[in-house]
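Shared between the two complexes below is chain A, which has chain B as its partner in the first and chain C in the second.
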Partner chain A sequence: MHESFLAHRGLRYLWVSAILLSLSILAYLWHDPIPRPNGGTWLGYTLGTIAALLILWLMAFGLRKRLYRSTAGTLRGWLSAHVYLGLAVPVLSLLHSGFQVGWNLHTLLLALVFAVVLSGLFGVWAYLRYPPLITRNRDSATRSAMLEEIAELDRKALELADRIDPKIHALVLRSQQKTRLGGSVWHQLTAGDRSEGVLKALNLLSERQRQQRAQAPTGSTMSGGATILAMVDYLAAAPDRTGEALRELIDLIARKRSLVARIARDVQFQAILEIWLYLHVPLSFALLAALLWHVLSVFFYW
Partner chain B sequence: MADRVDIAIVGSGPAGLSAAARAAECKTPHVLLEASPHLAQTIHRYQKGKHVMEEPASLPLRASLPFRAGSREQVLAAWEEGIRRLGVNLRLGAEVTAIERDEKGFRLLIGGREAIMARSVVLAIGLQGNIRKLGVPGQDLPCVQYQLDDPEEFQGETIVVVGAGDAAIENALALAFRNQVIIVNRRDEFSRAKEGNLKAILKAIEEGRIECYYRSQPERVEQLAVGRRRARVVLATPDGEAQILCDRVIARLGALPPRAFVERCGVKFPSADPAAVPVISPRYESNVPGLYIIGALAGYPLIKQAMNQGYEVVETILGRQVEPADAPLLQRKLERLPGFAGVDGAIEWIRKRTPVLSPLSPLQLRELLLEADIQFPTAGKPVFRRNDYTDSFYVILAGQTEVETADGRRFRLRQGEFFGEMSLISGRRRNATVMAGEGCILLEIPRRTMLRIMQSVEEVKQAIDRAFLKRAIQSRLAPEATPEQVEELARESSLHRFRAGEILFAEGEIGDCLHLVRSGSLMVSRNIAGREVVLSYVAAGNYVGEMALLGETRRTATVRAAIATETIRVDGKSFKRVVERNPVLRLRLQAEMRQRTAQNVAMQVDPRGGDLISFLLAQGAGEATDILLIDESLCIRCDNCEKACAETHGGTSRLDREAGPTFAEVHVPTSCRHCEHPHCMKDCPPDAIHRAPNGEVYIADNCIGCGNCVENCPYGVIHLAGPVARKPGLLAWLLFGLGPGPGEAPKRSDPSGEKKAVKCDMCRDLPGGPACVRSCPTGAAIRITPEEFASYARARR
Partner chain C sequence: MRWLIRRYQRKSRGAARYSDDIHYGDTLTVGRGTDQSVQLQDLEVALEHLRITSLGANRYRVEALTLAGVKIDGALVSSAEAKAGAIIELGRYRLELLESPRDYDAAIAVIPAEDLAPGERIRRIPLGLAETRLSIRRSSWFLFLAVLLLGGLPAAAHYFAPLDRFLRDRSWLPDRSLWETGPLAAPHHFFGEQCELCHEQPFRMVRDQACLRCHASTPSHADPGRFPLPALTDTRCAHCHRDHNGTRGIVLSRQSLCSDCHVGLAERSGGASALADYGDFAELHPQFRIELPRLDPVSGQLLGERVEWREGLIEQSGLRFPHDKHLAPGGLRAPGGMRVLSCADCHRPEPGGARMQAIDFESHCQGCHQLAFDPSAPELQVPHAKVPEILFMLEAFYARQALAGDVRDQEAPASLRIRRRPGQSISREEREEALSWAREKARRVGESLFLGRACAVCHDVSRPSSEDDGWRIAPVRVAGAWYRKARFDHGRHASFACADCHAASTSASASDLLIPGIENCRGCHAGEKPARQRVRSPCVTCHEYHIEGNPPLRL
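So, the complex of A and B:
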């Protein structure tokens, strides 16, 4: 049956991590070096070595993920271990340093450890939160099916608009040309809707038309929105058939709007599920570089 | 005065061409008659540049024409050059409409008028059949065509497409981009079309891109000399006669299966089964003396086999002894048999020893032996194990085997007996382990060969069905019963067939029988407060309906076939008699019944589990043996499953994660379900699709890329794919940025190169199991078997 990576094998790696941490904390508390706990004591070296080896192993996850033929455990098991043991690293690092910080490159390394772990935690949160949202938002349609439907709606809308009035046609066409999905990272993440307010305009148009039919055709008295009002005047005089087509057109565009919003949300969710990796992975490499430098410099100044 | 020849060859496919070439080479008066306007219609219709393969590789080619693997154009050009060089008397566009025989020989009618006299006739018309024509005046005008090679060829024309099948719809849709298209449908809907085509054509009609005449058919086509359009089609419509001016008529009305024609020639078929092949002698002679049948029509679908037969049949007609080209292959297979003295002797030896195969003709047995395998297993070694998924059929040629059933009983099978029919018929796992005895010689017959034999030789089918009945009752229903009691039950039992969705029995009916599922699967449901609640799924090898016989007399639930299903109906009275006399059996059945009742109650309490099962069954899981499911609440849409699949299988993913339906967060992606009776195996010319012991259905390397399996798979999980360029290694990518990297799309090496069918093989070559599941980082992807559906559904509530 399905088992989440967090629940893998009865929380096996949570236990491994907890035991490792408890032992380290106990040792730290028991050990009372002079002048104070630091990276230079035997416990400091031991904890530092464990943390460094853990970091190397955690980074090997990226390799394992790409070794598709590997029989060394399942990727789910690896991810489970990656998460739980990764959480142990900042604690081990703090114990290793004896909680000493300063304005130096060693502390930069510590900061990088925290940054990597925090970005990873965001990833775990995203992995838990977004998959069900994607399913609900998709509503059993694939993204390409939704895009196809939009193309279809666009075509129908143009056809309808063409039957109503060339100006409406131009309006709909302009709005279609301005519909954009995806784009820059920012646009993906914010699910911004940049389609023009054609729907608003059309609704206004339809409403006016209705009102004007009810009243005597006295012409527009309102200022502003000259194009639309011109059309309203025109439509007020047009036969009923146009009003119906207009309402149909509004339905089509409303349906399209909701689809566009759904796709934008889909893109957004997908982007959030991936964006943190663009922080997590480069930071990890920075961490690795800082770690190498940290180890080298410590041995150099020994 | 009619033409007179020694040999008339009908059909210019590989078999007919080869026969004609040999006849020409021997300077025998002959004629090669081809109904279509070109040679080898079937191969001619392959798409441009298609790679034609040369299978089976072990069979030598013996023909007067060359044949080597290559593109369609190369193959056809070599044949055309060959028949020109040899001076074959070829007549294209000559459709043979009747073959009559009198004391002087045969009289072949061409186009219903002209006659050709021949001493012998070689029928090599294949299985594609002749294209069905319009059947109205003007059907042969130049503006009427029955095939469309390239829709791009035409533009700005008015084209009438006649037909309502997939071919007609696809043509109409493709032509509608640049032409005005009118489609003529004899019925009032497009019922024969595939789902995708149906939607597309209805949409096109609704939007006015294509005009459709329903319940209409052409009455005549006329060529016009004046006016802008070249032709006029007169249609009979519900509103009276309609006339359409057009440039072209394309009729896609399918083909007439050749069987009716072959039967009119006097040739007998052994059964009404559409897959049956006519009975022919070892020298390819049918029951009509002087009428020979070769090639696909005789059951040999591969080009090389057909060409060899063309050569051999002419040698036979000319009175020369010819050893079939496959004789050395058979010799190698049979020479280890005790007392081997020639192939024919060995075939006879096998026939005498195996009652189940004795009704076969020598040619059928020969053909069977070519595909079968003779084994000399060491004593004590298992032939197959219980729960293996293999599906071949075994006959004991010598010695004996020992069978160990699930409950630990052991019994012996002796020389001449057979085993393996259970998995062959049900498509399920082996239900017993079979061990070889001392000096045991076995004949292993592949599934396809055995099914074909069962379809064409009724006695073999009956013998196997009888044995299946008894063994199924013994092993699945009543292992405690004595042989006499099993015999009694078997006497009162019968085979029944149900269509998908058909009801075996309904809730509230009086129960008078129980059903043991022979193949297919069942769905058990109850009507609760006006709503159908699915309680369970019953796979092949299990039984239903015993509750009404043991306790209550009325059915407590409705049982219907989830897919096309065959059951053994065991009569209620004789079953009750046997149960009463056998207390051990009674106790076990009651215990099982209690367990089932408890499970049913659990499902009734919360119908969501049942909804999930019925969703899965609606996705075709009822015929699956292993299905990939994705929990969408865990799936992070990273597509690592697809990447892993592509990386472990030559760069082409065999699964499409995103496609497919979702219900209650359970997603059924487009991926192989390893069906019990795989649709893909149905029509594979080189028999390249097999089932391995652990269940996966895989395609072997001798695939010829014909695409039949792609067409036949209802789940769309098979593709044709060419080889891809090798990727740089992981380190080269990581350190030097050489791409494409792991998981990235590879470079296609040669788009026109040879393509083979690819599908999920459950990573049979990887020790760790399916890569898709193993590389899912979050645990969303799993593979389960239908037996686990109930517990899966309960777990997900």
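So, the complex of A and C:
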């Protein structure tokens, strides 16, 4: 049966972390150094050393992840420990500093610790929330299968449109060219529709279609929406024999639209699932550099 | 106009094959229709898709003839000017605008795209974060190196003084304060930017000699000769005085630093120390010991003596002074009429405000207590001085009167009451008579001054016991420091009325000690532990730790 990395071995690492924190907090409350708690007391050095070693070990998770043949614990166990012990680091750091902050390198390190842990927490949340959503959205299809289906629908739509009228063909072709999936980080994360920008560039619309768009109630910006509105309008005036083909065309485009929306959502979920790592890892390395100087500097000016 | 149309075949084994066509006309049309100059069999191409016009000098205008527009160098437009080298994407084809070869006015290449899998064209747009320009590895390196550089600036500034100056002169750049673990103590701010003044060598703890460079005259905590305690003599200054812990962090006020030794000292020293237990001011502090004047019978001088305060303690100041009379609300009869006195009329703070100035007869008393001695010369007063000076002045005054023959005293010999004319000589007998009278007169006036009218009002005066003895005025001690081991600052208590601590208005005798005991202070001062409606007062509120008078800190 599947066991979440959070529940690994009966929350073993949650307990480890909780005990470590409890002992540290008790020691901090008991300790009453002169003139005030700071990183330079024996407890300050102790807590700082524990936090620094933890940071190095937490960063080693990136190495363990790549050592597929390693037998030093399961990766799930490592992840579980990584999460729970990682959460202890900001608390240890605060106790180590005696809650003293300032505009200096040491507080930068503290801020980086918090940033890294917060981004990691977001990752935990995303890992709990998004995998089921992705599965449900894909509905047992793969992304490449959906992309192939879109290409097939596009091809069929063009064939149909070409049989109806060159103008309809142009409309369908425009709609297909405007179809955008993914793109920049922002577009992936927001599942944003970029057709608006393309629309602005297109000033070749015929006079008649401009009027039709003006009559459209809200001027939808959905990539397929404008195309469908234009065709509905055309359909009203078209002879009966093209009607059947047009209805089929509208059906094709509507199917494609829902497919595009599904892929966009798929891209979005995947991006959210990954984006935190793009902060978590680089910030960890910034943290490592700050940690090096932090340790070096306090002994340089001892 | 002569166009070159170069049609490429599908590439086979890397080698490109093409065939050239010539087209005559001002423009070149591209589309699926059979009437087009370049016909492309692809459903994604409109019947009439676009028109290319040569503008000369290898420049072209491309216009879309369909509302699907045309994609030039990746941008979907309806019409655009493009230079040679631009790529037009058209379904499965690429059109490249070429520089016109010799003998041609314009040229274009038609290239079939590689065989693309269905859906491939959509997938070329990034569908995952890994396909974007974002890279975990790159940004990790970037941030790591950026922080490494930033964090290393102070180290570089430490070894390279011009860089240090450069950074310090520009407040927007991080300087060595980037490494500062907290604000320096306020008194150290004037040299705070020169880290090496205290941190003499990298990776070595701050040494005492760095502290003593400025603090050479700071007295030690305890006399190292009398108290050779390793805890005091062998400990680094910075062990306790840790800087970079806030602007007030370096002066230690923790009570336990004192009370750890001063509680149970007698017991621990096996009786060698007779000191009482001193702990929290509110809970464990003996009654104050007041520095009182004590008359030494041998020397006749007043010596200081520390006496434990108690109710009704007698102060032997050597003076008579009823505070209550002087502070009478109805006022006092003074030469200028009735005068109401307040404390501040006599008790003025010293500059700095901590203690009171000594009372001084001439400025505080003489306005009322005049030292006139002869009704014939009411404006003349004896000086407030030693006995012989007063007697000398009296003798001189009466001798002059007698010699001048200006004596109005009816009891004086008749010869002294005759005013002499200037230049008139006097006989030897007359002179001796005058001198003898003057001596006797001075003695009598002196006696009345010492015993009655003047001195004895305030002073204890004792009559000469024998012929060659003189008058004795008891030594006086009016003001001074009452606490030898603590400091009391009147200035910091200026917001209180004098009567809050000193019961002067009901004191009828100078022997009343008007210095209050510990309970009075405890009315406002708590110990180290904060208490309701009390000022938190650890030991150093009143006591020094680097004790004045001790030898300077060790070198």
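Note that in this section the second predicted complex is superposed on the first by the 256 of 302 C-alpha atoms of A that agree within 3 Å, B and C clash if a C-alpha of one lies under 4 Å from a C-alpha of the other, contacts with A are read in each partner's own complex, and residues count from 1 in each chain.
Here is the rule we go by: contacts are C-beta pairs under 8 Å (C-beta built on N, C-alpha and C of every residue); 3 or more make two chains touch, one makes a residue touch a chain.
Here the structure is a predicted model, which means the values were calculated and not measured.
Between chain B and chain C, C contacts the larger number of chain A residues.
When the two structures are aligned on the shared chain, A:F114 is found in touch with neither chain B nor chain C. Legend: residue contacts after superposition of the two complexes on their common chain; A:Q270 is shown touching both chain B and chain C. Once the two complexes are laid over each other on the shared chain, residue contacts for A:W57 go to neither chain B nor chain C. Legend: residue contacts after superposition of the two complexes on their common chain; A:R66 is shown touching chain B, with no touch to chain C.
In the superposition on chain A, A:Y301 contacts chain C only, with no contact to chain B.
By the document's definition of touching, of the two partners only chain C reaches A:A290; chain B does not. Applying the stated contact rule after C-alpha superposition, one finds that A:L181 touches chain C and leaves chain B untouched. Contact with chain C, but none with chain B, is seen for A:I34 once the two complexes are overlaid on the shared chain.
Taken together, the two structures place residues 143, 270 of chain A in contact with chain B in one case and with chain C in the other.
Here chain A touches chain C in the complex through residues 34-36, 38-40, 100, 102-106, 108, 143-144, 147-148, 150-152, 155, 158-159, 162, 166-167, 169-171, 173-174, 176-185, 188, 198, 201-206, 209, 263, 267, 270-271, 274-275, 277-278, 281-286, 288-290, 292-294, 296-302, going by the rule given at the top. Only residues 629, 631-638, 640, 643-644, 647-648, 658-659, 661-662, 665, 667, 730, 734, 741-743, 766-768, 771, 773-780, 782, 784, 791-792, 795-796 of chain B touch chain A when the two sit together in their complex.
Chain C meets chain A in the complex at residues 43-44, 46-48, 64, 66-69, 71, 75-79, 118-123, 125-132, 134, 136, 139-148, 150-152, 154-155, 158, 177-183, 195, 199, 202-206, 240, 242, 245-246, 249-250, 252, 254, 257. Chain A meets chain B in the complex at residues 1-5, 7-8, 63, 65-71, 74-76, 78-79, 127, 130-132, 134-135, 138, 140, 142-143, 270, 273.
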